[in-house]
Amino acid sequence: MRVGLLGAGRIGNVHAQAISAHPDSELVAVSDAFEKNAQALAKTYGCEVRSSDQIIADSSIDAVLIATSTDTHSDLIEAAAAAGKAVLCEKPVDLSLERATACLSAVGDKASGIMIGFNRRFDPSFGALKAAIDAGEIGKTELLSITSFDPAPPPVEYIKVSGGLFRDMMIHDFDMANFIMGETPVSVSAVGTSVVDPAIGEAGDVDTAAVTLTYADGRIAVIKNSRRAVYGYDQRVEVLGSEGLLQAQNMLENTVVKSTAAGVVSAKPTYFFLERYMPAYKAEWAAFVRAAQAKSDMPVNLHDGVAALAMAEAATRSVKSGRPVAMTEIPGISGRGAAA
Amino acid sequence: MRVGLLGAGRIGNVHAQAISAHPDSELVAVSDAFEKNAQALAKTYGCEVRSSDQIIADSSIDAVLIATSTDTHSDLIEAAAAAGKAVLCEKPVDLSLERATACLSAVGDKASGIMIGFNRRFDPSFGALKAAIDAGEIGKTELLSITSFDPAPPPVEYIKVSGGLFRDMMIHDFDMANFIMGETPVSVSAVGTSVVDPAIGEAGDVDTAAVTLTYADGRIAVIKNSRRAVYGYDQRVEVLGSEGLLQAQNMLENTVVKSTAAGVVSAKPTYFFLERYMPAYKAEWAAFVRAAQAKSDMPVNLHDGVAALAMAEAATRSVKSGRPVAMTEIPGISGRGAAA
Amino acid sequence: MRVGLLGAGRIGNVHAQAISAHPDSELVAVSDAFEKNAQALAKTYGCEVRSSDQIIADSSIDAVLIATSTDTHSDLIEAAAAAGKAVLCEKPVDLSLERATACLSAVGDKASGIMIGFNRRFDPSFGALKAAIDAGEIGKTELLSITSFDPAPPPVEYIKVSGGLFRDMMIHDFDMANFIMGETPVSVSAVGTSVVDPAIGEAGDVDTAAVTLTYADGRIAVIKNSRRAVYGYDQRVEVLGSEGLLQAQNMLENTVVKSTAAGVVSAKPTYFFLERYMPAYKAEWAAFVRAAQAKSDMPVNLHDGVAALAMAEAATRSVKSGRPVAMTEIPGISGRGAAA
Amino acid sequence: MRVGLLGAGRIGNVHAQAISAHPDSELVAVSDAFEKNAQALAKTYGCEVRSSDQIIADSSIDAVLIATSTDTHSDLIEAAAAAGKAVLCEKPVDLSLERATACLSAVGDKASGIMIGFNRRFDPSFGALKAAIDAGEIGKTELLSITSFDPAPPPVEYIKVSGGLFRDMMIHDFDMANFIMGETPVSVSAVGTSVVDPAIGEAGDVDTAAVTLTYADGRIAVIKNSRRAVYGYDQRVEVLGSEGLLQAQNMLENTVVKSTAAGVVSAKPTYFFLERYMPAYKAEWAAFVRAAQAKSDMPVNLHDGVAALAMAEAATRSVKSGRPVAMTEIPGISGRGAAA
């Protein structure tokens, strides 16, 4: 598979590595708004620098990976889909739910073939947890908890353009909930605060939040986010079922345990998403190549991307209004989404 | 200290053991609505069987422990307080918040000297977690999570008279939140469902619930309850602070780990509250004796008992109304409670 | 069961507590070389102070617990056995293997009814490990490892009269090996050193040792001892079998885990044997009462006491000679001991 | 750095991957006794197939990695060293200590520049443990334990040509002991048995062994090996020091924990050396490139390779003779080896 990479920033480089390392994919060309970025990446991986338009127009290129700035995602998805490419686009589809649903309409029945980069679904531990649920190992699922803390908050300048914690950070957890529960919720109830940094609150966002999701069949999910966990990247999932509990715990930097008079000290969780999710990015790419080659539906697609964004919209409204928001209140969303 | 025990049921027997084992307390008399219960306990611990009235009227008795049925708690607290006894009463103060606040009024400034049996505050692990917070080991607390699952649901007949999950089971977790956070919340938002057993739902109660508490200073707490965790009694507390995370994990039945081709198997959590909290019951009694001897305020008192009950009332209303409930909406509660 | 306690030192007090707490045993009398010790214990537990001879001669006393200094054990065992008492004697039987084997001869066929206080067999975790082996959960056992470190070395003055690390400390581990492996070894190979404290070496003892045991059927056991583990009392057992591995790990002081920028810190192991083995002492006493009432063989008896002492003798010789010592070289020991 | 790979078997393929992935090294040519192996590897990594002689004779090749059968190692080391190549040779140097010491003599002062593939030194957890020791975090080291179990025994046909457990398997642990302790031991005492498979015993080897090493300064090390741990590849190191204990525990397949009525189940250790040590192979190659570029001594070199082999020789003799073997008894070895 010949691949064009749109976007040569930090996450573009992560994907370039996965594309190059895969036996069935070849990185052919890269584009970036900052040509220097594209040149540096092209040099490392031995590919050409082109414009995004040129890459999409090149009929010898089978697939594009969209890792550009969020505001360009929907346009590029539409263009690449129209050009018949296999598409893997980074999350979120857009900060605007309206634009994302328009994109969904525009691509029509190609939506299931457009993969959205919810990489955590491909983490070996979350994958094993999901497989255990699907195998019935804990019976019927009843209560899901997702803990997702970043090691340190981004600069307030980033916060201002990020779309807010729910669209930028918790969107991963909304998708994880959809992945684990196998359907989207009927209501979203959120509280948020800026106890980590008042400047984040002044910028109109929250840095700490707890969200409760309810499901049509009575199940419940709770998601907790914080922009700061000084001990590292804390990414845990826990599901109670009728026959047991499944927990996916953190990966640690190493397995050394030191016992002294001061206590018993283990290694910290791997520091951030590049360390923690590198295997997930590789597995994500492999899943994309597999589905593209088989011309089958993508394991996580544009419908899922829009569903997670709609939940972020609902959470944002819930914090503002101080009450639960039904998914039916969200325009263009029918209440039970694509994840089912 | 000469002690009279009111109530010789399961929990009365637990307390009898703690009273007898303590070097500074002596179990003098026991009462029970079922005299056979009282006689059995009296035989084991070598004390007299009397009526509750006789015990309260006996000026040679210094302290009474109230472990009778919940509907008698407030009356006995008032009578024992009026008789000048040191009082330790099992939770809850009453199923009716109205009756409990009336009791609080009735005892007046003796309320701080009446201990309520929130035994979990005396669990060694929760105690060590609280001490670490107070020592500033994780900086300022921001986000609290309490997981509290029973191993198996009680009979539906019990559910019907229990006051419901929030007053019967989560009340312990409300008190734990007050203990850890050092104050009562400003709002309570609850969802509940009966995914464990529809019959519990038909009886008007929930068996699985998630509650979000918000605090005046922006902090957040999340409590999860389930009536069924088939692997045992799951009792965990986790607090994120500005400088770290504290977790109190489950006690296990033993420390054996078995690794076979089928996986790596550890022991389950201790099965239920008698196993898990026996050290806590002993430490609770020791704290009571200490405070009674010093004539100082009880470490957890009638104010705390009413505060937790008010939170249960708010959670019950929140589930019914489908919206967050401000603590100021709860009659007779001023919003920030005794825990501060 | 009416019980006389010989010896009111630290370990005597531990046993007094277990005797008093057991529903079927009553502490009637206590003796001690230092009468003040006996008086203090008698006051706490409400029993009489007598001489050891008086206790043994009192036909109303059913059982004696011998917790006196080691050099008196064999004499008291012989006297109490002759008087028809049920006997529980602290380890070791004697520092002299010769004296211990003479005691074994003296009591004749009563040996199986004399319990030796190898309390660790009654630790819940070691017991669960042994039960798992007996249930075939790891198939055939092949390789045993015992790690046994004290938190801090005793005074050199104590070392000098202790009989040395093998008789005083590792004797527990020799018995644990006999318990786990179900038979005594055919050879003992030991190395020892005084890296903890050269003064211990100057006193003729070692403070750190590794011993390898071999068994008639080819199995192997390794025991490691150190007089100093600054992080606490380290007591672990690990057995590899044809179908898996069993590990009994340390009990921790509590279950709190603290994650900060400095690492992830858990509680230390419980500090020393009183904390770690209190449940074992209680279970040991219960097992003794049960066997005495049933007039059945004791679960760990005088044969086992002599077998462990013979292994200590072999280890001592091995360190001195720098070569493995066959158990057949040890006078009066037939190579495969009582544990089988 | 232009690299020639000698040997295209399983381990050759592991190295080819590391060589290709490193930014400063290029795989130029590969040789193998079975040309099909070489061709397959050459196709995957885009390099030429040549003979070993051709590769060594090619002055444009900077480095050779020797991953051929053990009996060719010494010849190829000598030839490559004579040709001025940087050399990384898989362990062991030879099955014959005599041949290995002759090789050491033959290469003269180039020995320190020839790296031996003791990959475990580059495992992140063992590396972190060693760094903690070097940083003084547990004070002075006193007692080392290495547990090293393979998941399943190799075919008996392999056993027969392997040189035996000590030269084939425990040689890694001998080098680990040298790495951790910072010097070679003064004596080796070994016991071995064939409890896993009697056929291994009939082939003249052992499948389960325990070895005790003593050091000039009194320290002790214990190594345990088994050819079979049905739960996976068990690779642990534990060091007691004057100020604490360091443990490097197993890496697990994932972080999922499942709690059910049957117990609490975690993932097993990664199954075998390819999974467990892939990061170590990459780090090993990076260390080789770094040292070769700097023309500095290799971090683990031919001296270390011979020292570990001498310890395997001593262990083999100890099992046969049934007594400890002093390292001074081993011809050509001076007692304290290169690791110091």
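Residue numbering begins at 1 within each chain, and the chains themselves are lettered A, B, C and D in the order written.
Following the convention adopted for this analysis, contacts are C-beta pairs under 8 Å (C-beta built on N, C-alpha and C of every residue); 3 or more make two chains touch, one makes a residue touch a chain.
By chain, UniProt protein names: A, B, C, D = Inositol 2-dehydrogenase.
Keep in mind that this is a model prediction, so the values were computed, not measured.
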Labels of chains that are neighbours to chain B (Inositol 2-dehydrogenase) and to chain C (Inositol 2-dehydrogenase): A, D
Per Cα centroids, the chain farthest from chain A (Inositol 2-dehydrogenase): C
Mean-CA-position distance for chain D (Inositol 2-dehydrogenase) and chain B (Inositol 2-dehydrogenase) (Å): 58
Inter-chain centre distance, chain A (Inositol 2-dehydrogenase) versus chain B (Inositol 2-dehydrogenase) - centres from mean C-alpha coordinates, in Å: 41
Where chain D (Inositol 2-dehydrogenase) touches two or more other chains at once, by residue number: 229-231, 234, 243-245, 259-261, 267
Touching residues on chain B (Inositol 2-dehydrogenase), where the partner in the complex is chain A (Inositol 2-dehydrogenase): 140, 142-143, 145, 147, 149, 189, 191, 193-196, 208-210, 212, 214, 217-220, 222, 224, 226, 228-231, 234, 240, 242-245, 322-324
Interface residues, chain B (Inositol 2-dehydrogenase) side, partner chain C (Inositol 2-dehydrogenase) - complex: 124-125, 128-129, 132, 137-138, 243-251, 253-261, 267
Residue ranges of chain D (Inositol 2-dehydrogenase) in contact with chain B (Inositol 2-dehydrogenase) within the complex: 229-232, 234, 252, 259-269
